[in-house]
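To keep things simple, chains are lettered A, B, C, D, E, F, G and H as they appear, and every chain counts its residues starting from 1.
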Amino acid sequence: MESKHILSVLQQVQDGSLDIHTAYEKLKLSPFEDLGYAKIDHHRKIRQGVPEVIYGAGKTAGQIEGIVNALLPQCPENILITRLPEEAAEYLGQQFPLTYDKISHIGIVNYTKRLTASGSIVVATGGTSDIPVAEEAALTAETLGNQVERLYDVGVAGIHRLLAHIDNISKATAVIAVAGMEGALASVIGGLCDCPVIAVPTSVGYGANFQGLSALLSMLNSCASGVSVVNIDNGFGAGYLASIINHIGG
Amino acid sequence: MESKHILSVLQQVQDGSLDIHTAYEKLKLSPFEDLGYAKIDHHRKIRQGVPEVIYGAGKTAGQIEGIVNALLPQCPENILITRLPEEAAEYLGQQFPLTYDKISHIGIVNYTKRLTASGSIVVATGGTSDIPVAEEAALTAETLGNQVERLYDVGVAGIHRLLAHIDNISKATAVIAVAGMEGALASVIGGLCDCPVIAVPTSVGYGANFQGLSALLSMLNSCASGVSVVNIDNGFGAGYLASIINHIGG
Amino acid sequence: MESKHILSVLQQVQDGSLDIHTAYEKLKLSPFEDLGYAKIDHHRKIRQGVPEVIYGAGKTAGQIEGIVNALLPQCPENILITRLPEEAAEYLGQQFPLTYDKISHIGIVNYTKRLTASGSIVVATGGTSDIPVAEEAALTAETLGNQVERLYDVGVAGIHRLLAHIDNISKATAVIAVAGMEGALASVIGGLCDCPVIAVPTSVGYGANFQGLSALLSMLNSCASGVSVVNIDNGFGAGYLASIINHIGG
Amino acid sequence: MESKHILSVLQQVQDGSLDIHTAYEKLKLSPFEDLGYAKIDHHRKIRQGVPEVIYGAGKTAGQIEGIVNALLPQCPENILITRLPEEAAEYLGQQFPLTYDKISHIGIVNYTKRLTASGSIVVATGGTSDIPVAEEAALTAETLGNQVERLYDVGVAGIHRLLAHIDNISKATAVIAVAGMEGALASVIGGLCDCPVIAVPTSVGYGANFQGLSALLSMLNSCASGVSVVNIDNGFGAGYLASIINHIGG
Amino acid sequence: MESKHILSVLQQVQDGSLDIHTAYEKLKLSPFEDLGYAKIDHHRKIRQGVPEVIYGAGKTAGQIEGIVNALLPQCPENILITRLPEEAAEYLGQQFPLTYDKISHIGIVNYTKRLTASGSIVVATGGTSDIPVAEEAALTAETLGNQVERLYDVGVAGIHRLLAHIDNISKATAVIAVAGMEGALASVIGGLCDCPVIAVPTSVGYGANFQGLSALLSMLNSCASGVSVVNIDNGFGAGYLASIINHIGG
Amino acid sequence: MESKHILSVLQQVQDGSLDIHTAYEKLKLSPFEDLGYAKIDHHRKIRQGVPEVIYGAGKTAGQIEGIVNALLPQCPENILITRLPEEAAEYLGQQFPLTYDKISHIGIVNYTKRLTASGSIVVATGGTSDIPVAEEAALTAETLGNQVERLYDVGVAGIHRLLAHIDNISKATAVIAVAGMEGALASVIGGLCDCPVIAVPTSVGYGANFQGLSALLSMLNSCASGVSVVNIDNGFGAGYLASIINHIGG
Amino acid sequence: MESKHILSVLQQVQDGSLDIHTAYEKLKLSPFEDLGYAKIDHHRKIRQGVPEVIYGAGKTAGQIEGIVNALLPQCPENILITRLPEEAAEYLGQQFPLTYDKISHIGIVNYTKRLTASGSIVVATGGTSDIPVAEEAALTAETLGNQVERLYDVGVAGIHRLLAHIDNISKATAVIAVAGMEGALASVIGGLCDCPVIAVPTSVGYGANFQGLSALLSMLNSCASGVSVVNIDNGFGAGYLASIINHIGG
Amino acid sequence: MESKHILSVLQQVQDGSLDIHTAYEKLKLSPFEDLGYAKIDHHRKIRQGVPEVIYGAGKTAGQIEGIVNALLPQCPENILITRLPEEAAEYLGQQFPLTYDKISHIGIVNYTKRLTASGSIVVATGGTSDIPVAEEAALTAETLGNQVERLYDVGVAGIHRLLAHIDNISKATAVIAVAGMEGALASVIGGLCDCPVIAVPTSVGYGANFQGLSALLSMLNSCASGVSVVNIDNGFGAGYLASIINHIGG
């Protein structure tokens, strides 16, 4: 898929060092490993800069173990597992050095703290109940080499709590705004700063919240510029995207 | 339906000044006038403090004229007609002294300014496009005898525009927060003041706004206390309710 | 944020009793206390007239205990905790004098009955199953110093049950109409009285009720004036708003 | 499909008066006439008691003319055409004796008034704007041989207007309750009478009405027994059903 | 509310046998009994022909017991309790002679079979899983004095199973069509017979069924005339309505 | 219903070997067997080529046993039971030779592998969590006599994993694309091959996935031609349809 | 992308007849032609068996002309243009020999009738108003070389109209069931035949039809096997898919 | 609001060069200009790096003219007006040097091309009909000083059209993926590159597209990391956000 790879194969065919059927197989063969229930994408680190992240929900502890084992040779540290149930974490903790956070259900195999970007990411929440999603974002960003500042419970119903932190917000390279209920936090932050704001609607609330729909629609309709939205409760996606943005600045 | 009325009828029966069949008819007869296509509720002024308001949408100019004529004897001034199309307004303006506002489509027959409550009502909008709905609220409240202060285009994407008016807001007896898109204005105002906030979602916006659904859900899920919501674009309902609340204070 | 506070700080700067950096910090510093997982808003009693209310859902008993402890110095009685699970109530009952209602899941620390408004609030329900939400509203209003009258199971399918209480309704300063299913109660009450009607849709029902959506839409579309709506099952919000309105009258 | 028809065919086969291939065709042949764009169901009058009704929407005047011509031989009078646009009505009026109502867009070819049932049907509306749908119901029922009583603009916001007519309602064999907005009329009527109540939600309203969804859900969730619902704005369906019910009583 | 009652009271006033304040109380007093958590409507049997039915969901066994005790003096047999959980049934069975059906969760106190109408009601289901809702309808109708014929598992995917029973269907006074999934049964039956068809969508199905929404919408849009719809899974409502219709014929 | 059956009955009537009443019963009698709770459709094998499949959800083990027993005489092998809970499978396994797959919850009585079509069916999934639905499709197709190739975890986020298998896809007679989340797999496969693509949205995902709605809408709006969609999680339906298509080719 | 193409390029590299940079370009170069506003996919005829079809909606007559001109060299006849507005058709008719159908808005450049498959496709509609969508399907299938039989207005409300054509249906290789309103036609046809049924929901109807949603959900939940669904009003997609299926049989 | 501003005011108070009441006004006064119908936010350029952008929809030409006049002194070039109707553009073009694009409805006052960031932004569309939204994004980004590369009509149904441009995509600092229908483009691009992907769902499509809902949900559920979403048809928001991200890199 990548031009260098294709050119190198063709070079070998021209050299006579490769017969055309083997070359064909090489061109066709994509760099993944087939476990049957999963196809591990080793090329991803090159293509996207970070190794494959394991989405733990709906996988057995055994399947996750298999995937980790397949990844380890190419990716010896900081293998991120999201939505990892406690029981599976317990099992995996016996197989690998696993750092596990019970609030966000994030697990990290061979966790090694490392700062690879100079900017910082602010993770803000509207309320106390949004913290699990916020921690998923924060831990993801930290594992991917970013400095993270947490501003929890600064919802718009007491706007002065947010305004008190305006300096922190204005220094960030990217802000992650995590909020349920009416999700107004994203718009208010979006109006206060000039960096990208990644809005994460949460399913926190009840009634006409409809499992996060109200916050989702609210954030999509933000009248502030610079705001984009990820899926409801998708802390990982926000942390990952914030990390990409933060690494642009070097 | 009202105890005084019932007691008075019974008194007359006991007095012998009323035979029981006439009394029965009187008790059964509710105080409305039947125009065929509409039943005018003359009792309403007594029961609810304000005369019947005419909802102009879906009625012909002739039907509205008929209803106004039926109301005039009992209610000689300030007959409010909402959602009155321009053409119907033109026709009615030839029959009655009609004050008509093209932005909010409000018409008032025999308009007489009068202040019957001591407090004031703030009508705030998120943007310029919310003004028609806001004016429906403001004119309704003014017609019902209230002092109204307008704060337009103070949406949360530039929160300082709102904060600059915090004193006006804190002095109001009731605030009407009119906003489309993400509707965050209601929550922010709700967090800043201690009076009732009546939230009016508007259909202003596009896409995932879904004709006002995003603002509606956002306002219903407000994390601020003291906020309640009326129908999308229902400026009249908000102005009417604010007037009732403002008159409680005398 | 409040003009008096700003003026006083500036006065001290002019006096020389305050250097400009401390003044800056004072102006920036908002009056809240940071517990990490929550930011307690001590200024709120001044700003909104009532202390912060604790939304118990999604918080651990320990977190609630921490917040109560932070509030007590400034707010020695009637700290309201809504949606408090029974187990958390048991734990908190061992730490503080806690009045707990199992039906509405309301807890009150250092409950002291006190009447601070002269009017009364009617809380009406359509059916027996709406009582938990109604009690959340009623207890909230009582804790905030209001007299409350309960009219339960007066749904519109037997309209005479409601009409029998028309005198009570017509004397109220505010009515809270709590109903699930088709939510028609709010419209009927709205047509009978001239005070604000706060409609609370409940999730009581099944099928095309869609967890309260039918009652919510019904109430938002009420053809009666003076009706506004809070979130599905939000008894607290209705009780709080009714209290604000009831205190306008003094 | 009908047992008599099958037995008669078999009889003829046994008699030798019919060969088996003709018999097979007779058994297979259903009693309809194929116009290409429509298949006229002549058997329907026998099967369902009334001739096929023509749904005018989405058909050209020419197509409707063709269907009427096909129906006339078997059904010389009272051919009902619903949702007939004015222009098509003008054209058809030149071909047949057509009675046309501009409000409900109902057309009737060779209209002949006739009373075939002893009971009566009440058609009630919440407001003036619901009248077109109500008239579709009323005219359908009248064309099908029923006596109809109209109670228009008796919505629940002024409940005494409805209660004044309680005697008329209690004498009906069936009541059709036509209402938009919050659709509470059906429940209130359902609670007042003991006959079947056919609820017709209308698309009258705006905002969170969502084109009749609020009234539809409200009516489906009616807490009154004896209420069933037809499609939004489906006056014809309600009138037709009420007629069937009214004819059960003879 | 009823004319006879009013006239009789007035008569007594005129007679002097009643003073006007007592008369006023009598006119105001509606014939229900207040249990606090429920208001028993003794007038209903007169007003609607059947006694109050107890909706068991969301009530404690104790509350139901209280309501039954309040009803028994006026209504000694066939007190219907719907959605009665098994545990509550067990308790009630120790207090009263209770007939309980585990499939439909219907309980009947002092059940006495009795046929009060001459026609019959057909209850048809699309599949085996619709039977609990169908039984709720069938048992309700039987308790209210009707003869019921059950046609289960005659869904349209094997239309000949339904066509085989066309004679039974054509003899019914009313048909109840109970179906989940695509809910086509109502339309097909509606096209085959000339009596009222009461459609009951069920929540049977999965995926794009959305808890009965697909069947509900399907039935509301039925292209067959004579079909009306009740709430999803509302077997009781269908049985009750069918009984009213069946009793019209005497 | 089938012409041969009708002609043969008529022949016997003409022959005198059948009296007309017996003939009538034969014509009316549809070839199903009534178990009370279910009507077994023995004619289906002739009419549709495959025997009735048992939908296990919502049926008791005893009911399923009864249906299997009724089917066995006419259909001695490969009786398919979908959505069969483990406990029911355990019981049935004691009554019949049952092959049971715990992942897809498919049970097969008297399973006999047999290849009756020459083409092959590809079953592809977007992720590991879609495998249960995919296996329902694959096992259904295999039981119905098809060769099936599985391509699991080839979602579009790593498109090279899919492109590596382009040859397998281009050789298939039909492809089943099983995917949750954004469901893009169907469109991408649809653009790569020229055979029918049966898209199966799954409920895999969270948040704005809304239980499979996002994948469902995505697949219905596919910009690729040749794609059609079955219900969310309906692996059986896809496998069945793919088998029909695969057997067209012989 | 196709193995033969890759192997041939590699062969040339080995032969020395191609230098590696040209080879690289050839491998990278996909066989489409870039018009700026559109990328014509010449490879598609090889990859999918039919040339690119032009979706006319949202394109100017000039853009369509450009695409046709780009396609003509490789595809001299039967270029299909769907959703072609009349005005655009008029313009294009002056540039090319265009066959245009005003009902379905299908245009065909250089139309040449040709039968390339031996089976036949039945296109059935529920009503007269569904014909435009049905014709889009029928004309698409005919243009792609199939024999098509039309069965219009055979909706389930008069099921005998459909049953009369059971022989035609049972001979088809594929059936396209086009229906709006409750969409039951697909299920009934699905239960009668053993070939693939492609269900096309239409937006025909009103009210709770919600622009085709009712028919869509109904068809997705079909209890008949062998049914799959395309987008609302997507006649083209159904005709295209039916053609692919019909060509499997040769 | 900004620390420097506050400190400078305090400095002047301490200096005695400012009395405390003027200082108070200065602190309270936010830097906006009130036009009555709009409040121009002059501070925004400092706070967010770009001047206020004018959302043209729902504003009169006169209102827009007024806002432009208010902005010009502080912002002499590149004033962006989105959703500007053609007639308003004509009027404004007579008042100011206006560059207007009819496809995207973007107007720019005093347009001056300028490159202020070193990276580039790719704007890709699924089809030809998505171009208007894409151009809104592209022109916004260009006006804000970015280099933009357009890749139009590279939808996933012909994935090779996209793969041919993989090098362009992999060099971008940010990619904007604009697509309607099933919106799969965002996921596929997200899987191919390692920069932020801003997904813009469009309302292009019909039927179950539901005005862009299908693409919106699809993009929110993207299984690719690094993807975030803006409102349906919100090209401006995507272009603005991409510009912010592109300027991080310098």
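Note that contacts are C-beta pairs under 8 Å (C-beta built on N, C-alpha and C of every residue); 3 or more make two chains touch, one makes a residue touch a chain.
Keep in mind that this is a model prediction, so the values were computed, not measured.
The chains that touch both subunit A and subunit E are B, C, F, G.
In this assembly, the chain whose C-alpha centre lies farthest from subunit E is H.
Note on subunit A versus subunit F: their Cα superposition corresponds to a rotation of 90 degrees, in steps of 5. Interface note: subunit C and subunit E, two copies of one sequence, contact each other through mostly non-matching residue numbers (shared numbers fall below half of all numbers used). Of the chain pairs F-G, C-E or A-F, the one whose interface repeats that of A-H, sharing more than half of its contact pairs by residue number, is F-G.
Computed centre separation for the pair subunit D/subunit F is 40 angstrom, with centres defined by C-alpha atoms. Each chain gets one centre point, the mean of its Cα atoms, and the points for subunit E and subunit H are 58 Å apart.
Counting partner chains per residue, subunit B has residues 1, 3, 28, 127, 158, 163, 192, 207-209, 213, 216, 220-221, 225, 231-232 touching two or more of them. The full set of touching chain pairs reads A-B, A-C, A-F, A-G, A-H, B-C, B-D, B-E, B-H, C-D, C-E, C-H, D-E, D-F, D-G, E-F, E-G, F-G, F-H, G-H.
Subunit F meets subunit H in the complex at residues 126-127, 155-159, 180-184, 187-188, 190-192, 205, 207-210, 213-215, 217-225. Per the touch definition, subunit D reaches subunit B in the complex via residues 127-129, 131, 152-154, 158, 160-161, 163-164, 204, 206-209. Taken together, the subunit F residues at the contact with subunit D in this complex read 3, 6-7, 10-11, 13-14, 16, 19-21, 23-24, 27-28.
Per the touch definition, subunit F reaches subunit E in the complex via residues 1, 28-32, 36-39, 41, 43-44, 55, 57-59, 63, 201, 203, 211-213, 216, 231-234. Interface residues of subunit G facing subunit F in the complex, by the touch rule stated above, are 1-3, 47-50, 53, 119, 163, 166-167, 173, 192-196, 198, 216, 220-221, 225-232, 236-238, 240-241, 244-245, 248-250.
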